[in-house]
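Here subunit A shows up in two complexes: once beside subunit B, once beside subunit C.
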Partner chain A sequence: MSTIVDAKGLSCPQPVLMTMNEIKKVKKGEIVILVDTDTSKENVSRAAMAQGWTVKGVEPEGTGYRISIAKD
Partner chain B sequence: MPKYAQFFSTRWGIIGVGAFIGVFAQLLQKWGNPANMGICVACFERDMAGAMGLHRAAVVQYMRPEIIGFVIGSLIAAYAFKEFRSRAGSAPIVRFILGAFAMIGALVFLGCPWRAALRLAGGDWNAIFGLLGLIGGIWVGTLFLKGGYNLGRSQNTHASVGWLLPLTMLGFLILMLVFPQVQGQDKSGVLFYSLKGPGSMHAPLLVSLIMGLIIGFLAQRSRFCTMGAIRDIILFKQAHLLSGFIALVVAAFITNLILGQFNPGFAKQPVAHTMGLWNFGGMVLAGLAFCLAGGCPGRQLFLAGEGDGDSAVFVFGMIVGAGIAHNFGLASSPDGVGPYGIPAVIIGLLACLFIGFTMRKQVA
Partner chain C sequence: MDDPNLIVGMDRADDAGVYKISKDLAIIQTVDFFTPIVDDPYMFGQIAAANSLSDVYAMGGQPLTAMNIVCFPIKMMDISILREILRGGLDKMKEAGVTLAGGHSVEDSELKYGLSVTGIIHPSRVLTNVGAKAGDRLILTKPLGTGIINTAIKAGMAKEESVAMVVHCMARLNRDASEVMQEVGARACTDITGFGLIGHAFEMIQGTGKGIVFYASQVPLFPEAVNFAKMGLVPGGTYRNRDFRMQQVDIDPAVSPYLSDILFDPQTSGGLLIAAPTEKAGKMIKRLKERGIEEAALIGEVVDDHKERIAVVLNN
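Coming up: the complex of A and B.
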């Protein structure tokens, strides 16, 4: 079961900060991040990859995106 | 999205945009803009406040088309790439106050982060104190961010909310066309113009506007942000945005060498003073305010262009802050800090600390 980080409506750098905090907390597995701007989508994906996580999918959801990242 | 559209989110994309801004800022200076001020978001918004008579400092009055172009260029890019999203409601009053104090801090130093970089690239070593202050202010801001500081969520809203700042900027452009500058006159219709000083120095309107539109477009695509550049290094050790900021400095420096605009030294630098402590202190305030508001003054314009109503409020805060800065004697001049500049910086820092310490509630 993946954890969900809801960063919708939050401005820079909150989505990345919340993602990084979750990465530190769970260390591996799967995290789903909800964002609502393209900037946040790019920033979250870039930050996750820099931490050695893989971006498994980015799906449009509502007016934003649902980003799935994972690490074994 | 096609591959070329994603180029701007790559490392080379942000470097390219930073270099473009660096080169064309110096060319704008050659084409008429003030020295080491090819582009300065704070100075130019201050000039716009002067053009509207929000302050009456005679030497800094001009409705800068670059700023108008930044917002509208970003709007065009946002629509072209389906990224325009009207949103607002994330503590707008706080953003207004942060904008006003950011402007006051920037005017004590005499420049925004963009101009700090351009001043450095032009050999004005006073800018080093400003940049150190900027880093210091942002560092304090990152401590708040780590402690849970945030301004809460924005909400999606009517498209017209996101259109209001771009439309206001369009209105400013129309005012410039209806009331154009008249040689030797300090007023044309409702607009004030400078007869001397930095406000009298500007590239031709069309050139400024086109450059503003192109930079607005590119910066929206690449998310160029000078505050974010420093913040991301401190907070995440991520150099993505920083590579753009460094590219700006390097490109501006090389362009200055080619154009003969590089004059190293501390004394007698254009639109600058040599009070190191307050060059530093002014930018600590500006850097902290930008960090708490989530973007440098340029980025706030680009965000406002893509529909962010809270960034638009920050922009208005800066313009009103410029009026206050000059009316109250807070802004510096080449002679040094204004009569009330130092207490204003201290009050601004206290206001930012109040905001930073009290707005740490976890978001629902």
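Coming up: the complex of A and C.
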């Protein structure tokens, strides 16, 4: 089961902060982050990688993106 | 506009308009205002004023008078905030030897402040953003990364000393840099603001048939900027500037994407980008440092090959 962080409608750095908080909380596993701008898509992916997580996939969803990140 | 006295007008994407009054005198006019980028209203006033004055300095001129431009949500915000902003602006004008001649304010849902500035210059001394020749060295007078650092400040992740350094740098006048470039002799100049280093550098070569090479490792950066870019604390403007110019820029794979991002980062009250003849570049750097502009650095050169393209390499 992956947790979902819904950062739609929020501008940076908010989605990045929400992602980092979730990473700190769950420590490993899978997280899905929902964003709705290209800036947030790129920043959230960077934030995940900087924390040692892998970006598994970025798919368009609605007017935004669904970003899946994971860490074993 | 078909006025022979208009030396620099709208057609040139330059920093300010320049209009010839007599054979010895031209006026420089510019206007700029924006929303707060720091929490401290006094510092915001200083930064906004320094930013507005910079357009006159970038033309090599001397600012004389200024008018305040204010948009203020009077029903939602305490008037003391506006007083502090205006005090900051006025202190910066005093430092620049500029007289406040008036201003205009409107009620707005979002706070904005800036200046309309009038300056003077000898018509033959005007430094536009074009005129650089192949072989000219490019000198930058302030570190890059204010957009990224400001995003990190919003995220509460910037160290106190970084915040202080960025605020101090944004509030610093480009006057000394401008005086040095006029004294030593420059061929072209622009200030680095919203389009970032690469966007404004482009304006220097557009339509000229010249190209530019930047040495990424020599570009002065705010400490932590690369790290924040890596962490995803990048403003949308940086990505937009990058995507807009990417087709005209060749970045060496040795330059990390986080470092190259900073070359696209929109700057608030950024430094001057000066094109200096090769034989004068060393002296100009030396004089800039003597005037306290420690971060001044030679960051690239104008070239004859790769027409109207910018190459970014790691070292020269």
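To be clear about the criterion, the second predicted complex is superposed on the first by the 72 of 72 C-alpha atoms of A that agree within 3 Å, B and C clash if a C-alpha of one lies under 4 Å from a C-alpha of the other, contacts with A are read in each partner's own complex, and residues count from 1 in each chain.
Rule of thumb we're sticking to: a residue touches a chain if its C-beta (ideal position, glycine included) is under 8 Å from a C-beta of that chain, and two chains touch if they have at least 3 such contacts.
Please read these numbers as outputs of a predicted model, since none were measured by experiment.
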Which superposed partner A:A47 touches (first subunit B, second subunit C, both, neither): both
Contacts of A:L17 with subunit B and subunit C, given as first, second, both or neither: both
First, second, both or neither for A:G9, with subunit B first and subunit C second: first
Subunit B versus subunit C as contact partner of A:T39, first or second or both or neither: both
Which of subunit B and subunit C A:T63 touches, first, second, both or neither: first
Of subunit B and subunit C, the chain that contacts the larger number of subunit A residues: B
Subunit B/subunit C common contact set on subunit A: 11-13, 16-17, 37-39, 42-43, 46-47, 50
Residues of subunit A defined as touching subunit C within the complex: 11-13, 16-17, 37-39, 42-47, 50
Sites on subunit B touched by subunit A in the complex: 9, 81, 83, 85, 87, 90, 145-146, 150-151, 153-156, 223, 225, 228, 231-232, 235-236, 238, 240, 294-295, 308, 310, 363
Touching residues (chain side subunit A, partner subunit B) in the complex: 8-14, 16-17, 20, 36-39, 42-43, 46-47, 50, 63
Subunit C to subunit A touching residues, read off their complex: 151-152, 154-155, 157, 229-236, 239
